[in-house]
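You will see two complexes here that share chain A, one where it goes with chain B and one where it goes with chain C.
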Partner chain A sequence: MTAPLLEVRNLRVHFPAGGGWVHRPRGVVRAVDGVSLSLEEGEILALVGESGCGKTTLGRAILGLVAPTSGAILFEGSEVTDLAPAERRGYHRHVQMIFQDPFDSLNPRKTVLQTLAQPLRNHGLVPAREQRAAAAELLDHVGLSPGRAFLDRYPHQFSGGQRQRICIARALAVRPRIIVADEAVSALDISIRAQILKLLRKLQEEFQLSYLFITHDLGVVRSLCDRVAVMYLGRMVEEGATDSIFTLPRHPYTSALLAASPMVDPEAARRRTHIPLAGDVPSAMRPPPGCRFHPRCPIAATICREAEPPLLAFEGGRRSACHFAAEAPSWTLAAVAKREDVA
Partner chain B sequence: MQELLRVEDLTTHIFTPAGVVRAVEGVSLRIRPSEAVALVGESGCGKSMTALSLMRLVRPPVRILGGRVWFKGRDLLALSEAEMRMVRGGEIAMVFQDPMTFLNPVFRVGDQVAEAICIHQGLGRRAAEAGALEALRHVKIPAPEAVVHYYPHQLSGGMRQRVLIAMAVACRPALLIADEPTTALDVTIQAQIMALLSDIRRELGSALLLISHDLGLVAEYCDRVYVMYAGEIVEEADVFGLFKGPQHPYTAALLKSSLNIDHRVAAFEAIEGQPPNLIAPPPGCRFHPRCPRAFEPCSRSAPPVVTLEGGRVARCWLHEDGR
Partner chain C sequence: MSAPAPGTPAAGWVEEPPRPSLWRIFALNRMSVLGLAVLGCLLVLAVFGDAIVPFDPEKIRAGPRMASPGAVHLMGTDDLGRDVFSRVLAGLRISLIVGLSAAAVSTGIGIVVGSFAGYFGRLIDDLLMRLTEVFLVIPRFFLAIMLVAFFGAHIVNIILAIALLSWPEIARIVRAEFLSLRTRQFVDAARIAGCGVLVLMFVEILPNALAPVVVAGTLQVGQAMLLEAGLSYLGLGDPSQVSLGIMLQQAQQIMRSAWWTTAFPGLVIFLAVLSLNLVGDGLNDVLSPRSRGR
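Let's look at the complex of A and B:
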């Protein structure tokens, strides 16, 4: 069996908690606390969960922007930290990131050409005199055409959607194999969001890309992503093929996320009766004992407060970390019935 | 039809150095008692300006140029500022996307809620404090006795929004205007807040004007919908009719672009282009440059506002014959 394109093994990223007025550290924020996942060639994997659950930190760790506390990241089977400097540069070329706010991530004083030429130069991919043509071609690929007409403009001369296209072009410049997209369409209006999703799917085919698609929008996940990994408070709670998970979630948190996602269908929406999940997400500094979800879980039992549930394997390569995952059809039955009469 | 609020031809422009932003252009809408009405559209289309205008919460360079806002038989635009202050936060209350624009960071939560109650109910300090505690309990804030002593930053986003709702509903408003009340919140917290708003509305019998860009929220929580594009209402319909058969090409495009959790769309459908600059909106139909069905008259003259079967309304040349 060939190794997955990217693999994350038991990754932990802990941050010292800011001391505030007191200077000594008050503890650690367990932003990512033992997560394993893999991304196959050509796959779109969604990473979902509420804010603060560690999605961005996991993405940044993969990019090498934050150092893991423990665990390993493997690219085509080799541990990234073990790579020789030259190979490591290769890895950094192959994994690129796009962010939620395309304005924050573009330098306002640089023209589009300067923004796009920099990665080309850094990785020595295109001779200096061909950079202009290469940059224009990139813009054509992301739907800003003719690209050469946009090269000498500054970020403020573009709309939000166009700026996100420029960020995508910059990520593509070095011909990466993986793109980590962190809430890349979350700030965009619906008509613009649809344009960017369409573009991301087109580029995936043209450039044979794999995406780690970080989002909190399950509607987008259903239509874009092949597989889903659900995180809660630094842990992975469920993973599996999108259609399978959306039809039968095996973790009550996934089930709650689906039930809380508004449906763009007034009749279907009125047919379901969901009980909103109570409370807020607890602090990542003091995660609850046992199952971290138990204080909010509608089916929590004594064992949930005492023992941390292991991530168990289920049909079709699915995994779930719930003591009652195996009984899922019974406690999710109501939710599923609601969705099925819609389909 | 009995109406609680009737907005007629409201026009609000913003006089900026770069030019006049035609943010609200002849907007008309009606809300019946205890009805949940949505004003939906993409960002920048004029939703907030519409709400702020009918509450008269605008100041230069924003100017209300015309229109009427009938509320319980009075034109709000003709009231004195003192009279308007009693309406605001009294019979009409508003909840915003970011509670921190409304909450003062240096005052305790309890004092701020009590203050809001004082202004409108003319209660003494002690009674208002008791009222504040009751208001926080009403919005299901856990341990309200402790929370009254907190500062806003000590609360989560969801709890702050609850505090804002507590202040808004303390005077049992007949109309609650909620401008993107859950946009900054996670989906499970959004569900909590929307459930709370529904419970309170049911109990008080208040009407709701929900301003949102999220068609899912609109589908789930509203009875009737106004779709706004580039400063104008382009379609009005009951929620079931709208989602089943949009009559304006913009509404149709929005629905095609929206993604649902219950099925996978094979190909993303997107309308090209972006909403226009409201300083120089396109002539004719403001949507025509992006409209897949635009034809000869669309770029030349403003489309008619046509009342269709079932009292639905669409602003589009395609319906000219239905007039």
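Let's look at the complex of A and C:
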């Protein structure tokens, strides 16, 4: 079996909280706490979870923007976890990122041309006098045409959607194999969002890209992604093909996320079973013992408070970290029954 | 990480209103415009002083001793019969040179120290900021006196001494800007576009951090001129140069009998520093985040 295009093995990213040179840190934030995943050639993998679950940190760690505490990241089977600056530059030819906030990810003091020429120049891809033409061509690819008309403008002259297109063009400049898209459409208006998603899908075919799509929007996941990985409090709780997870979630957290996502059809919305989630995500500094989800889980039992569930394999390459994953379809009933007991 | 809930009206189509021109904002503050006009006149006088002045500023007995201001000697003469108007223009030039060079050197040091402290953080930040604080807590004027007394009252030494005392302010401003700018996504974006650390610091971040530095740097020109005048007044000025401070010092003895020997140099220092401060205020209006926009 060939190695996956990108593989993350048991990755941990911990940050000291507070403290400094003089004071000792007050604790450790376990933003990513033992996550493994893999991305195959040509695949669109969604990384889903609530705010603060570590999905952005995981994305940044894959790009080498934060240093992992332990674990490994492999690109085409070779380790890229702790690269020297020169090697990291080579790695960034293949793995790029689109950031969340199009108003923050373009340097306000640089023209579009200066922004797009940077990767071309740094990687020596295009001779200096052809950079203008190459940058214009990139803009054409992302639907800002004619590209040459936009080259000498500054970011503040563009709308959010246009800015995100420029960011996509910048990521494409090095002709990467993987693009990590961190909430790439969540800051955009709904109507613009659909256009950008369409563009991303078009580019995937055009340039044979693989995406790691970090999002909290399950609508986006369903329409774009082949596979889903669900994170909760720094851990992977469920993973599998999109269709199969949307049909039968094997972790109560996934069910809750699905239940919480807005649906267009009111009939369908009424028919589905709700698993309400109480409270907020606990602090990543002191994760709960046992299963991290148990304080908010509607079906938590004694075992959940004591033992951390392993990530178990199921049919079709699915994995789930719940003690009751095998009994999946019956949860909703159990949850309802439990609620009625309380009432 | 935190993202707006789906459906929240987000920043999709924010059409920015056409931005008012920078001059328009600056002109809103009438005092700054006045300051700019005065500063402009002073600069012209200082640069073209040689062509304007009626007498050699150093020439003894260019006229009668301690003549009061009149048609021939606009600002009178001093106790050696030197023309005060010619000396004021020459002194203004030296004072401005000292002020501008000291502020430039100080801003340069401040930018380098502040950039490294703010970009790298942690140990480097701690070390550089403790060093900065050491310079901040030493009484400036006394250290200047010591430095000049020790290394000699040459104009270059005076400039360096003043710069050495002024950079901490700039360093702290630059550091604060870097601390907030280094976490911006465009910095990460440049990093994965293959930029090295120095490019990130000085091409990506620094241009966005310059606005408050320009303001502080402008104010420092005035402060440096005052510091130079103070040093000169205490007899630590460069004796080979005519600066406004040196004129004040030399006229100490005859202040009562010939007021014009101190009044005019003093007035010019006052005008120069005041106009620099007013211009600094105006620049602050232009460059402050309120009007800067993203």
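Observations
The rule is short, and it goes like this: the second predicted complex is superposed on the first by the 315 of 343 C-alpha atoms of A that agree within 3 Å, B and C clash if a C-alpha of one lies under 4 Å from a C-alpha of the other, contacts with A are read in each partner's own complex, and residues count from 1 in each chain.
One rule holds in what follows: a contact is a pair of C-beta atoms (placed from the backbone, for glycine too) under 8 Å apart; a residue touches a chain by one contact, two chains touch by 3 or more.
Given the structure is predicted, the values throughout are model-derived calculations rather than measurements.
With both structures placed on the common chain, the touch criterion links A:161 to chain B and to chain C.
Within the superposed three-chain model, A:85 lies in touch with chain C and out of touch with chain B [touch as defined at top]. Contacts of A:219 after superposition on the shared chain: both chain B and chain C are touched. Within the superposed three-chain model, A:51 lies in touch with chain B and with chain C [touch as defined at top]. Applying the stated contact rule after C-alpha superposition, one finds that A:260 touches chain B and leaves chain C untouched.
Of the two partner chains placed by superposition, only chain C is touched by A:104; chain B is not.
Of the two partner chains placed by superposition, only chain C is touched by A:118; chain B is not.
Within the superposed three-chain model, A:277 lies in touch with chain B and out of touch with chain C [touch as defined at top].
When the two complexes are overlaid on their common chain A, residue A:186 makes contact with chain C while staying clear of chain B.
The interface of chain A with chain B overlaps its interface with chain C at residues 51, 159, 161, 189-192, 216-217, 219, 261-262. Only residues 20-21, 51-52, 55-57, 60, 63, 65, 85, 89, 92-93, 96-97, 99-109, 118-119, 122-123, 155-157, 159-161, 167, 170, 173-174, 183, 186-192, 216-217, 219, 261-262 of chain A touch chain C when the two sit together in their complex. Residues 42-43, 156, 158-159, 186-192, 195, 213-217, 219-220, 239-240, 243, 253-265, 267-272, 274-275 of chain B are the ones that touch chain A when the two sit in their complex. On the side of chain A, the complex with chain B involves touching residues 50-51, 159, 161, 189-195, 197-198, 201, 216-220, 222-223, 242-243, 246, 256-270, 274, 276-278, 280-281, 339, 342-343.
Chain C makes touch with chain A in their complex at residues 1-4, 6-7, 9-16, 19, 122-123, 126, 184-186, 188-196, 204, 207-208, 293-294.
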